[in-house]
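Next come two complexes, and both contain subunit A; in the first it sits with subunit B, in the second with subunit C.
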Partner chain A sequence: MKNSLNILKKLPIAVIAILMVSIPAFTDNNYIISTLVYCFVFASLAIAWNLIGGYGEQVSWCNASFVAIGAYTGMIMYKMLGISPFIAILVGTGLAFIAATLIGYGTFRLRGIYFSIATIAFGEIVRISLQFWQGLTGGAAGYYVTYTGQNFSALMFKNDVPFYYILLALLVIVILIASWFERSKIGHYLSAIKGDEDAAISLGIDSFKIKLTTFQLSAVISAAVGTFFGFFIGFIDPGTVSSLNLSVKIVVIAIIGGVGTIWGPVLGSFVINILAEGLNSMFGDVGGLSLAVYGFLLIVIVIFKPAGLISLFPKWGNNSKSARKSDDESTQNEVLP
Partner chain B sequence: MTENLLEIEDLSISFGGIKAVRNVNFEIRKGEILGLIGPNGAGKSTIVNLISNIYKPDKGVIRFEGKELSPKIGTAQRAKMGITRTFQTPKPFGNLNVYENIYTIALQGRSSSEADLKTKEILNKTDLSNYENFQSIKLPIEKRKFLDMARILALDPKLIMMDEVMGGLNPSEMDESFKMVKRLNAEGITILFIEHVMRAVVNVCSRLVVVNNGQFLCSGVPTDVLKRQDVIEAYLGESKNHANNK
Partner chain C sequence: MLMRNSVGKSGTQIMAWIIIQATINGILNGGIYALVAVGLTIVFGVMKMVNFATGEFIMWGMYFTFLLYTITGLNNYVLLPMVIILTILLGLLSYVLVIKPVLGRDSNTFIMVTVGLSYLLMNVAQMIFGPTPKGIPSEIKTASLSIGTFTVSLPRLIAFLSACLLIIAIQILLKKTMLGRAMRATAENAEMAQVLGINYKQVYTFAFVLSCVMAGVAGTLITPIYSIYPSLGNIFKIIIFVVVVLGGMGSVSGALIGGLLLGIMEALVGTLINSNLGPAGIFVVFLLMLYLRPNGLFGTANRVA
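Moving on, here comes the complex of A and B:
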């Protein structure tokens, strides 16, 4: 009986998974495939941000910089040295790990907004550096790889279907990592730190180490996604992959979907990306109108669903301890004995 | 002679021009309930913060189980060594329920199944079993204080510094808390009991240390200490002087 219930609970996930895998078989419309790839990419990036920003309430504004580190490292290593992005990804994630360590080491011992301020500063440093080192990065003009025929190890494909499956697989891996994280000791400790940092420290939890490790994990995932994202879009420039706008978009997706949950950022990514594309096709020819409507809808969602759209599906969102707020009446699941 | 669990020598700290703790010396013996009392602003909580390394002393030595505690040994590390504390205002992890509050701490050094067993054992011991799934922030004050204690028990502490745990409790809740403190002590946990409520001090402490104006005043068994003129003056000094002036 319990097994049957478990199967029933997992049924929606199985249906969605089968649907996602079979979509390319039903359409050869590259626009639809490409839009869904964007959904996968931003879902993965929002989940990565959510580890530190959602589960730990340490708001990072530089996750786009890790995307840029992954994207530029992959493309530069391929174009200059002929190294496959599957190998370059190790260097990109390594660099992101080092950057996250440097930021976190200097700020996680402090309380308050210092970490967030440092991430804004780091984001700007990366963006300006990418513009300044023209010889290596192409500067503001950007960096691209030329299509030289179908080549899996170089992530070169004649259409976006292979990217669809690669980034879908990557999203599944990122979801599994987040799911492991939520149940892991470090996930539990981070929830305690979010609940009351002083109490957590006085009860033996090394707050600095936990926050730093989580931020490193967030950076590594973002850089890994960035490497594939760079090859998917084929052309990168500091404004595309290293801007504060991109970092804000990642944060907005997680917030709209529901922070501190696994499925919130996934839902947020599909809603935001499809909404943006839909509005653009409807009002794109009227200057600024699509963005105005987009902004208005985001405000409406935040006002009426402050815990994110995932709260529409309580079984998928509310069982996450990190999604609960200390002052949230809805989380009181028992009356006083 | 009973072995000392913790020794404090010449402990001092100043905040700006204010000498909050001045050359304080005392020891906590293994297995005792030592009361640390004194009027408001005497430096009691500051001493607790120094022992748990929330503040770093300007000078002085703290020894635990005979070994000097370097200021480099942080609060979390000291907690893992068995030096634990509660806060004047309970600090539950408000986003977690009662079970999760304890389980999270019990996970340290244990597998998930061991942590689960430990959590259930503590829930029973602290009379919180009925509140297992209750959102911790919604607990009544007495139960929140019990939860603070329960989480500490998940660390298998050697020393618990209880900072005004009786504050805000009514007499019947206080009686429950006395029982809890005595029960923990009976299990071999040494307790430093920082308290204003004299009924609580007399009820649970085997020995008292009195501090006043950041300095050690005296120590001894509660019945003797509380009769001392200098202790009475420390507590009632202002009102006595005020009465004399009148």
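Moving on, here comes the complex of A and C:
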């Protein structure tokens, strides 16, 4: 019984995996390929956010800043020092790790909304810094690397198909990390903290350390994805990779898909990215439309379907957790230090 | 620009002049921060929620003023009552459609819906008015008073004084009226207040709409100072959060002092180091605060409106 359920659960994943791997063989339409690359990138980013924001219920609004740290580090190191992004990724993730430690160290000792506010503040610091240190980052005008012919170690390709496979592979790795995390000790501790922080602490769980480690993991993944994302779009500026808009997009994707699940953010990413492309092609360049839609969807989903779209497929999301969560949210005892 | 009055004086004198002038500008700005922060503090105290859309109500207050100016041609101070009515409507609408359905859920839910609301409000403004900054032409824009060698910009002074008056009025409302007592009781203990016959839903509605109106009024007051654009609320919002944390989350006098301090800090960093770094200076101070004095400068966390 349990075995057949498991196969049933894994069959659609296998079908989708085969489909995903073979898509570039069927189409040479670069637009479709690049839209799918966006879906992969944002699925990875939303899964990374979901670790701290979903499993840990600590809402971060600065994950775009980690993306920016990864992207800028990768491109600056390549352009100035000629270092391959595959090596620069180590530096980028290291910097993101340090940044997450700085934010988390100050705020995870406190409960309530301090963490959320601090992440918004940190996001602004990064954006303003990127604009200010023009000599290094190109300032508001942005930063780019010039195409010098196909070169794998410099992540330069004449079309987006190699990026498609690289970011698909990265997404698979991120999904594996998340499913490891879900079943790991730290994941279980985190869900205990989410359920009742005081009880968890009284059982000897170091709530501060667990949250900090989770946030560091989330930041490191985001920065790694950011490095590849930067080379994929080829041109980065503080507005595209480091804005609150991007952070909000990541959060909206995770929430619409379903927080606290692995497949929720993946589903959310395809829904939101394809919706955004659809809106763009239907209404053209109406400034603000897609962001207004994100805001609207965020409100509607949180009010009416807090477990996200994934809850429509009960076999997929591990909904025992998220469903329970939405049921007993009747408490509103905000605990202040 | 700052050196204009200082030609021929010694270095230290010039420095002192610059610092005092920056402090004056900072205090005047801080009054506006305090006004919005007091609104946010009241909502936090009464409803235990943070309204992440506060900045967008400032921005809509400005656009309402701009809209009414375009229709009537009157100056922004005369339009204030009309703007108040419009922000009351917008606040009520937001409350009923967005806040009321999630009452009783956890604080993350409030964060999510109010961020959603802020994005909706910001981008609807962009769709209606476009991304180009708008301004309201008036003579008062450049008017200023001279006190000794120092200059005080008139619109900033008016905004500061009006903000102070409003904060005093709200203190009186909280301390002397039945409604204020009901709000303070709800902030202290919502269940007990309910047992005592206070309709907490009415209190919530009032607190939320009041904070929207305070943000909207702040918006009208600053139309002669800032140009109006859709994402203006973002930068304000972050400053206001910092003020509220600085003041100790939930204390009205803390928010007032926090606002003034932050205004001064921003002006000093902006003048002495680099005007682009003013906001960044604030955030660095804020992150430091979280390490050193998380309960606010005066350690009065948990005190309520």
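Methods note: the second predicted complex is superposed on the first by the 294 of 337 C-alpha atoms of A that agree within 3 Å, B and C clash if a C-alpha of one lies under 4 Å from a C-alpha of the other, contacts with A are read in each partner's own complex, and residues count from 1 in each chain.
In this section, contacts are C-beta pairs under 8 Å (C-beta built on N, C-alpha and C of every residue); 3 or more make two chains touch, one makes a residue touch a chain.
Predicted model only: the values in this text are computed from it and were never measured.
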Q: Tell me which partner A:125 touches in the superposition: subunit B (first), subunit C (second), both or neither.
A: second
(Q) Looking at A:40 after the superposition, I want to know if it touches subunit B, subunit C, both of them or none. Which is it: first, second, both, neither? (A) neither
Q: Examine A:263 and indicate which partner it touches, taking first as subunit B and second as subunit C; both and neither are also allowed.
A: neither
(Q) With both complexes overlaid on chain A, does A:291 touch subunit B (first), subunit C (second), both or neither? (A) second
**Q.** Partner chain in contact with A:248 - subunit B first, subunit C second, else both or neither
**A.** second
(Q) For A:164, using the defined touch cut-off, is the partner it touches subunit B, subunit C, both, or neither? Pick first, second, both or neither. (A) neither
Q) Of subunit B and subunit C, which one touches more residues of subunit A? A) C
Q. When the two structures are overlaid on chain A, which partner does A:72 contact: first (subunit B), second (subunit C), both, or neither?
A. neither
**Q.** subunit C-contacting residues of subunit A that also contact subunit B
**A.** 331-332, 334, 336-337
Q. Which bits of subunit A are touching subunit C when the two form their complex?
A. 57, 59, 61, 102-103, 105-107, 109-110, 112-114, 116-118, 120-122, 124-125, 128-129, 131-132, 244, 248, 251, 255, 286-289, 291-292, 294-299, 302-303, 306, 329-332, 334, 336-337
Q. Tell me, which parts of subunit C touch subunit A in their complex?
A. 48, 50, 97-98, 101-102, 104-109, 111-113, 115-127, 130-131, 230, 234-235, 237-238, 241-242, 245, 249, 274, 276-277, 279-280, 283-284, 286-287, 290-291, 294-295, 301-302
Q | Residue numbers on subunit B that touch subunit A, as the complex places them | A | 52, 54, 74-77, 79-80, 84-85, 87, 91-97, 100-101, 103-105, 107-108, 130-131, 133-135, 137-138, 140, 148, 151-152, 154-155
(Q) Show me the residue ranges of subunit A that touch subunit B in the complex, using the header's touch definition. (A) 185, 188-189, 191-192, 194-196, 198-207, 321-322, 324-327, 331-334, 336-337
